[in-house]
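First, the structure itself, so that you have it in front of you.
So that you can tell them apart, the chains are marked A, B, C, D, E, F, G and H in the order they are listed, and the count of residues begins at 1 in each.
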Amino acid sequence: MKVSIVIGSKTDMELAEAAGEILKQLDVDYSINVLSAHRMPEYLQEHIKATIADGTKVFIGIAGMAAHLAGNIAAHTSLPVIGVPGDGGPLNGFDALLSTVQMPKGVPVATVAIGKAGAINAGHLAAQILSVADERLQNSISEARIANKEQLKKENDELQVS
Amino acid sequence: MKVSIVIGSKTDMELAEAAGEILKQLDVDYSINVLSAHRMPEYLQEHIKATIADGTKVFIGIAGMAAHLAGNIAAHTSLPVIGVPGDGGPLNGFDALLSTVQMPKGVPVATVAIGKAGAINAGHLAAQILSVADERLQNSISEARIANKEQLKKENDELQVS
Amino acid sequence: MKVSIVIGSKTDMELAEAAGEILKQLDVDYSINVLSAHRMPEYLQEHIKATIADGTKVFIGIAGMAAHLAGNIAAHTSLPVIGVPGDGGPLNGFDALLSTVQMPKGVPVATVAIGKAGAINAGHLAAQILSVADERLQNSISEARIANKEQLKKENDELQVS
Amino acid sequence: MKVSIVIGSKTDMELAEAAGEILKQLDVDYSINVLSAHRMPEYLQEHIKATIADGTKVFIGIAGMAAHLAGNIAAHTSLPVIGVPGDGGPLNGFDALLSTVQMPKGVPVATVAIGKAGAINAGHLAAQILSVADERLQNSISEARIANKEQLKKENDELQVS
Amino acid sequence: MKVSIVIGSKTDMELAEAAGEILKQLDVDYSINVLSAHRMPEYLQEHIKATIADGTKVFIGIAGMAAHLAGNIAAHTSLPVIGVPGDGGPLNGFDALLSTVQMPKGVPVATVAIGKAGAINAGHLAAQILSVADERLQNSISEARIANKEQLKKENDELQVS
Amino acid sequence: MKVSIVIGSKTDMELAEAAGEILKQLDVDYSINVLSAHRMPEYLQEHIKATIADGTKVFIGIAGMAAHLAGNIAAHTSLPVIGVPGDGGPLNGFDALLSTVQMPKGVPVATVAIGKAGAINAGHLAAQILSVADERLQNSISEARIANKEQLKKENDELQVS
Amino acid sequence: MKVSIVIGSKTDMELAEAAGEILKQLDVDYSINVLSAHRMPEYLQEHIKATIADGTKVFIGIAGMAAHLAGNIAAHTSLPVIGVPGDGGPLNGFDALLSTVQMPKGVPVATVAIGKAGAINAGHLAAQILSVADERLQNSISEARIANKEQLKKENDELQVS
Amino acid sequence: MKVSIVIGSKTDMELAEAAGEILKQLDVDYSINVLSAHRMPEYLQEHIKATIADGTKVFIGIAGMAAHLAGNIAAHTSLPVIGVPGDGGPLNGFDALLSTVQMPKGVPVATVAIGKAGAINAGHLAAQILSVADERLQNSISEARIANKEQLKKENDELQVS
């Protein structure tokens, strides 16, 4: 278990799976848990300890509105914590963005974009972090990026209008 | 000890004292603690338990930026928790407001205005909450309000320009 | 009648009922009235006096846009007033949030989240306030929270993906 | 007394005087009162009735933060009410703007710009409203505008750089 | 012709009609024109002159996005100009609100709420302005308000839940 | 006269001069005029015609708050119009940005950054536009950019810390 | 090839075509390419060089969210670059607007409105820029504008309600 | 050289040094370079390649306004890139936050808080990322955190008011 993805409520499962999908493609182990920082803080803290003991090296916290989840995880570990602001609620995730990114000195959360794009990028960022000490993973990431680039180039060559 | 005021960092001491001043005027006991939800979560949790055992009935959490403090307290008690968004940082407390008020279902934070006005009102609101079961306090609050109203009326009668 | 829920227009009835539902589950008496602060200020003032005489201890004001309702109630009583910013209108309740929470010194409104989540939390918060002097209610609230926590824990145990 | 200027607190006196100054220049009678909608609602309502009886035809309400003052006046009269959002507080009057302008159907507030520019324009707008039925005032306003325009033209002719 | 309603594009016709409907109910004459300040400035200026010659006393300008229409009308007349920020476009009228209300010293626009509620209130405000010198209209407005108030009171008496 | 810089009030003269300074460095002729779109619309229109007759090819409109100036110029010419949102007023130019950039279909304003940086860039952009048909100017711009780049490179080589 | 339209992803093709449509009507050559500044920076740089060699005089960059595309193009050429903030994502293009317009000193992006209206205006602005040195194009633009104006005038004459 | 800190202009040197200070305390090598993504893109790209060849494993990009710097670095490497939104300019870094965090799918930037707090946290986050494969560093980080926690606890024990 290298990456622990935690969501604050089941409604964010689609975002968790989007992050997980990227990790699966890069052959990185991960788990998904639904553990609200506000409704079950003790279980969240238990999970953090247990999953670190199990070998987790990076956390991804995904939550909407007053999104305290990633910040809460970061308060209980010095491992890197990635935060994805959920896009639910009447403010479309603008509240979650500020609640996730504006962390005080000493307890950073590595925040990515609001919603689906951010969840996908949380998967990419978690892999990048693990790749710092894993040359094989670094190569997989680079290769996937180059393949994507060439695919986009090809699409542009075919699509272009003039 | 009826009200526990908690701030996330010493820089918010002025706000804590503004809230405390109102409680002092109304003869309500209170304590002030500096306990960051992110930098010392275990000590915050210990404090919550200890102060409730000591008779605390209402909490006031004051914090800026990604203000998780009041929400964190609310995650550990079912007593009423008032949140004051601090006005520090480049966004002037707008981030703290959203981080404090947009709590998920089941874990409310009674949020008041950003900064000094909010801190003062947190003192008033804590007293109002305690007054629900304390007729003497209810009377003190009403009398203070009426005195204030008459004072403002008098000032207007003297000041008015026509 | 312990809690008086007031909405500014019939379009907010769903929010009023969401707050009421929580109170019903906790066996707390409440009433719902549709009394616009702008279109029928005298009737709103009459209601405030009458319902306090009837035993109301906490108010919940729910309104959208330039949401003055909760603030208006707070101007006429020293009892705790909870404000729920409605999420209607082109700004999705962002205007109602600022109009509800940014109250001046001396007249607090205990503001909760915008829209449905806030309405539900207004119910919870009203019960928490009443529970300060009602041990039985305090126990009901704690038990409901623990039951919810264990239910979520169970769902996570079953749902989790790894 | 043609125009009643009301401010919510003494801190807005400078704005009230800016509005009054314009009215004085146009020879329109006005009064200034400090009557908080939240701290002294009964005295505000008394003032509205009394000043209408005295001949007031237009109101100017100036307030900051959760600025309910103009909206409150509008709830008690069908005469035109102008609202000036004060620029005080950590959000620089952005909250006051939304609280003043986003009024519900049936109870308009004629909102002008935040702060000093708005206060000055409230004076102009009040005079324009009164001028609808006062040809002499209409002429004074037009003449002042033309004089201002020619002055600015002259300044440009002198200042211009090329 | 007492009130000239001008919209910047046909897409705002629904808003113009909402304003007109209120004026019709109060028996106030009005016209509707589609005259873009940006695409046909000369025709807009011609219209302003012609309609004033025809007896127009109040203007209503309705436009979205960078809404310059009401401000443009105000630049060409000293009569009262009401501005309605249209709610179209990706920012839901937030841009139109700021473009309409933040007018510089000397050229006020009486701004009302964004979108439909604002359009309706523009009708009410125009009538209120005309009523300053028209006792019959003042009575019609008051009577309509009281009828509305009593209707809402009756609805509340029937609807209320307890 | 190749570029006409217009400001809405003397308070924006510093911004006009910042734009002019860039044009002077590139040896492009320009004029500066203070012509408010709201307070002197006829003189603004006269200026637009006169300066085009004089050879102006690009306009720069600089204004704050409800910044209609650049949009107004664009309504009266099909030449390129650059808009600089002024940073004055309580909203720091955020209102001016939206009022300048959100122009309706058919009447674009080429908007640059708020305040000083934008004013400087308006100078650069005006020169770039003129350079499309002026190879000598194109070369001057390229050379200035390369010189700036090499200067920054040199500063980095000297400053760098490791 | 006079104008090079570049989009960051295929999802913005509709916006590219809206810009292209205007250029086609004015008989201005253009190309459309899908070249992400983040996913294929080398290909973007290659394209910029190649298309300038081919005669491109103006660029249009269209991108959403953290829209760096237009700014990136501007970093690699001194020709005028127009930026269209895409309206996709949870913030409706508000993020793209700020990412496009707030460029640092020396590297302007001529920013137009968010989304469809902006894309259309990017076409108009590109043509206006080219027209500075192309009298025939200047005439075509003027004629199209006048035709549009007269059409709108005719529609108003037919539509108007009074 | 483990961490490369890059700023877009000398005005952000204080932020770069705040990040560097944290790394120095944790004995992590770093360099600081001033390389604008817009004014010297080729030199920035050269630096990225050279510093990776030198052993850099994590980048920190610090920039204000339309902050493209971190995103630009991320476009040229698959190593983790941390973005710090600078707090300069009229929008206080709100523009820089959105320009940094809202990256498209596939190219994440690990964004931290606006300004000084974010710069300090960028140092912490870079160390956390490197610590994933460096037990000694992990221990240093944990020890520093615990020491900080105990220091804050001691301060609270001494400071507390009751």
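Here, a contact is a pair of C-beta atoms (placed from the backbone, for glycine too) under 8 Å apart; a residue touches a chain by one contact, two chains touch by 3 or more.
The shown structure was predicted, so the numbers you read here are calculated from the model rather than taken from an experiment.
Note on connectivity: the fewest steps through touching chains from chain A to chain G is 1. Annotation: B-C is the more contact-rich of the chain pairs D-F and B-C, by number of C-beta pairs in contact.
Spacing of chain A relative to chain D, judged by their CA centroids, is 51 angstrom. Once the centre of each chain is set as its mean CA position, chain B and chain H turn out to be 34 Å apart.
With centres taken as mean Cα positions, chain F sits 42 Å from chain A. Those residues of chain F in touch with two or more other chains are numbered 36, 39, 65-66, 89, 91-92, 94, 101-104, 106-107, 109, 113-114, 117, 145, 148. Against chain H, the residues of chain A that register as touching in their complex are 57-58, 78-80, 82, 97, 101-114, 117, 120-122, 124-125, 128-134, 138, 141-142, 145, 148.
On the chain C side of its complex with chain E, the touching residues are 1, 10, 16, 20, 29-36, 39-40, 43, 65-66, 89-92. Of all the residues in chain A, the ones that touch chain B in their complex are 8-9, 36-39, 41, 64-66, 68, 71-72, 74-76, 89, 91, 94-96, 98-104, 106-107, 109. Across the interface of their complex, chain H is touched by residues 87, 92-94, 113-115, 117, 145, 148-149, 152-153, 155-156, 159-162 of chain F.
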